[in-house]
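A quick write-up on the structure given underneath.
Each chain gets a letter, A, B, C, D and E, in the order it is written, and its residues are counted from 1.
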């Protein structure tokens, strides 16, 4: 398949709907990254095809930076009664170039009974958490939410050093000491 | 359970990621044993603004050393002793772990170690032009272009290969009236090296309840390396030229010296083949 | 530099390069002035650039990287990011899009005389002009709150001093001074940085290609002529081809869209007509470099980029 | 500076219809007052204040120093020059001869960040550094007009160093052009002490040594001032370009082209800044416009400087 | 043949009795002075205390080491010393007991002569840590040896002896696991020489550890007498 490089003209914007890895300048659509061109039929616009340029390897993946509604994975750095601070390491499936900072505020931990949430019973420092970006946040942090079943703690280590096992959506147990700790656990997608 | 692809897993849980390789005695970069090395590749003479230069690759690590010869007045205490000034630079270009600006503790300590080794390797008196008046000073600048571990090993290797590649003018004339030195425009005289030091770095890792050596750890493998030891061995005589290490059981230290001696011979041949 | 840099190893307080031996001084420095006025040293036409070697993915640690070799100039570039902007800026700024930061460094051995590690104004102005030339090509609006770091290390900036291997040419060139050499460095810096950005998968309108052009005044008549991509010899031997060096222009071009993203002109370059003629020739030269070198490097890099292998998926 | 969509639209439409927010057309400049010689302790000084609010004060100090090795920082040059002085012949290998036989200019610009409240303090600092580099580069170049050879005292070791210190006192846009105008005015106003050099050759070593004497009361004008170019910066806003912009117009501009125009009316240095790109045809148009503005600016500056000269002559009488 | 060393010792393997002073500084959390002959180091320990946000570690204390020579400014060699000391401390201090804190140590060298000062600095720092009551896994002690130009092993050399040495070795040993905690060797030497250096250093370190014990016992004993009064 032909490989396009940035600046290569792909077609008129009357023919295609520009998507990832492309850029519209005037009437034309150009490639914005190195990769292969793919076109898919659009659901909303029957006339035009969606055109995008797909980079081959993850290393060349365009801009793995958090955007609103992307699913991110990160490590809890610190907690306080109002929020948990995360270091975002992975956006979607792509590890980021550098860690981004995000916070999960107490009201964004879960969808129900928000007033009863206690951060310390949801996250502990060192936990690996999967969350969704809800806004670009302030100048320091992205705002994240775990208010969905499949979001929350995916990996936690107990004080004894063992990887804890989730036993319900809000509890995890240490296989060594059998101590039960509270967490906002994520529901495994493919389990 | 959650399925994570390898990149993601490595990113969020580097220790567990490397532990699993360790348990099987293999390495993420494809090496098949804890004690196997990345074979260095040496190219010399690519930078023509230098009296000598060498590019060394150890796995993905790439380092370039350029040597420039200038003339200086020797110190009064040692009137025939020349100078070798070696600096290691790990610019922000070579890895995201290094910040632009002044060199950090890691860079400085490598510079210092390399300097202490090279001073005993070069025949400093051979750099004398006119006793008490003029000597050569060899500025060796070792710039990392890609950093994947083996800082000390690669830096010293690049330095020694570049020194072997260094040529000085065949004819130098010191003028006592104005203190200047004139040199012929050809570069043909090699410098005398007394030794050919080769550094070998080992990490100490915990596996299967005991501690063992891991040869040539990469930057990523640092996650599980408790401490490290670099052993410098002269490839020509087999003598030791320095050990720099942290917490290590005595028997592992002895083992590392034996292994480093073997490796120095092999690497010495690679450097010896370069011109 | 009142105090010595304590973070480096230092040699003697002062050191100098040796002088040439008296007999070698008699070699004619200006022997090249007698050349045929219309020809260039290496037989190129006036519109032709020097052969260029470029490849991507040189620095595995970086998100993108590239290396370029033009004549004696060797430059490596690595791109890190996008990463979160750490320094605080004025409120409201962070939603407007990403930004780039350029850092250009000369290796201590890149020039004739060893250069210290202290950053000088040459490096600073190279970085600034580089950033100006690159920014228009990037779709930074897609990268809110982020910064892209572009690091350039110039490994060799000038032709070698008369080394054993090159004595055959027998002519000792007058030494180029760094200040006048800078513009020769800017154009390959632009090309290599844009390659590295494309290698990193940063979205861009077009890759930027840099090209320089030297302007000369004919000694016999008072008219100007230009030469694309002048080599160091052509530039330093000022009486080249019956002309005197009067100035030069460095142009950063986005070849596919035909726009100019960077321009630095120095010297008495005459009237706008001649200058624009030279700039337009640069634009054409850049298009050629883009088609022949840049595209190929990117496509080769794409083929070489195999998806990272480190075992099968691991379950946690 | 953050500009709202409405402000940008307003500015763009205004520029497109050739009526700017202050009533000017695209190529109209605001009046500027030039006063030189305000600072008595400086070798020369000049204050330029534009009707738009940009006020700049430039003081010139001449000092005896070492010639430049490269156009690098002053500190760097000093260090390298030390080596060159001691072993001046060595320099042949690294420094071209011409550089050792001339003086040099060092420029520093100071601006309190509070003067440009719309910009980040660090951005203001960067701006000052960038502008001082532009000015230093032009004045030290062959096309910079100044007769730098005349500033040489002892070839290879001693020369006059002209320190240009600029202070930004008010900001209403078009800073670089104003800074350069003020620098030009201040250099016209500059007087350097006369220097006499004695050359002696010692019989024993055959070395030549120099002695020089700086006169206390005799001074002379700086040679070549009238040939210093002027800088005209064009700001591309939308599809058109303007000169002498207001801060809002500056913020709406995506390409800036600073063109130095020499006395012959021809460009001698051009630098593009800004985050946008430009088509070659528009580039040619902009440089042509800069030429025209440059010629006018030359005339205005000459007149202003002449007026100052006449006034100071009257004062001394 | 009676051997005479420059400072009057008669045996190459003789260790000068180190002089130690505990708590010479009143404002530090712990401090100690340790000297071999004329080479002395004053160490001060602060912590565990609040850590700067960017240095914060999730699960352990951040250890910072600052080494200053007596005269002049510190350079690359001092950075190497700092790195060596920090790596020793990281393996010795029970740092996981104090997450999100920092432990800072400062070493001021009282004599700039060579590698001997590194041994003193290590020993002084360990004493100061014990003085501050920072939890340690074990006591480590450091000695310096040289191989002189007649290939003789010389323990605890003086500054003059180091100058003429073929190789210089600084060894630090642990008193619990008997592991090497740190080794810095420079110069040219053979494997056999290196092995003999191991053995000599290990036993010498044991005697330095005895000095530690004595010093600490004096301190604890002293406190008790104060209490009784």
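As a working rule, a residue touches a chain if its C-beta (ideal position, glycine included) is under 8 Å from a C-beta of that chain, and two chains touch if they have at least 3 such contacts.
Quantities reported herein were computed from a predicted structural model and do not represent experimental measurements.
Visitor: What are the mutual neighbours of chain C and chain E in this structure?
Guide: Output, common partners of chain C and chain E: A, B.
Visitor: Quick one: which pair of chains has the most contacts?
Guide: B-C
Visitor: Of the chains present, which has its C-alpha mean closest to the combined C-alpha mean?
Guide: C
Visitor: Rounded to a whole Å, what is the gap between the Cα centroids of chain B and chain C?
Guide: 29
Visitor: Find the geometric centre of each of chain B and chain D from their Cα atoms only, then give the gap between the two centres in Å, rounded to an integer.
Guide: 48
Visitor: Would you give the residues of chain D that are in contact with at least 2 other chains, written as numbers and ranges?
Guide: 87, 89-90
Visitor: Using the touch definition from the top, which residues of chain E touch two or more other chains?
Guide: Residues 76, 79.
Visitor: Can you tell me which residues of chain A touch two or more of the remaining chains?
Guide: Counting only residues that touch two or more other chains, chain A contributes 58, 97-98, 154-155.
Visitor: In their shared complex, at which residues does chain B touch chain C?
Guide: That would be residues 1-7, 9-10, 13, 16-17, 20, 28, 45-51, 53, 60, 62, 64, 66-68, 70-75, 83-87, 89, 91-96, 100, 102-103, 108, 111-112, 115, 137, 139, 141, 143, 145-148, 167, 169, 171-173, 180-188, 219 of chain B.
Visitor: In the complex, go through chain C and note every residue touching chain B.
Guide: 5, 7-12, 14-22, 24, 58-62, 72, 74, 76-78, 80, 103, 105, 107-112, 114, 117, 149, 151-153, 155-167, 172, 308, 310-316
Visitor: Sort out for me which residues of chain C touch chain A in the complex.
Guide: Touch residues, chain C against chain A: 57, 63-64, 80-84, 88-89, 91, 94-95, 137, 139, 142-146, 198-207, 254-257, 290, 294-295, 298-299, 301-303, 305-308, 316.
Visitor: So in the complex, which bits of chain A are touching chain E?
Guide: Residues of chain A touching chain E: 77-78, 125-126.
Visitor: In their shared complex, at which residues does chain E touch chain A?
Guide: Going through chain E, the ones touching chain A are 56, 58-59.
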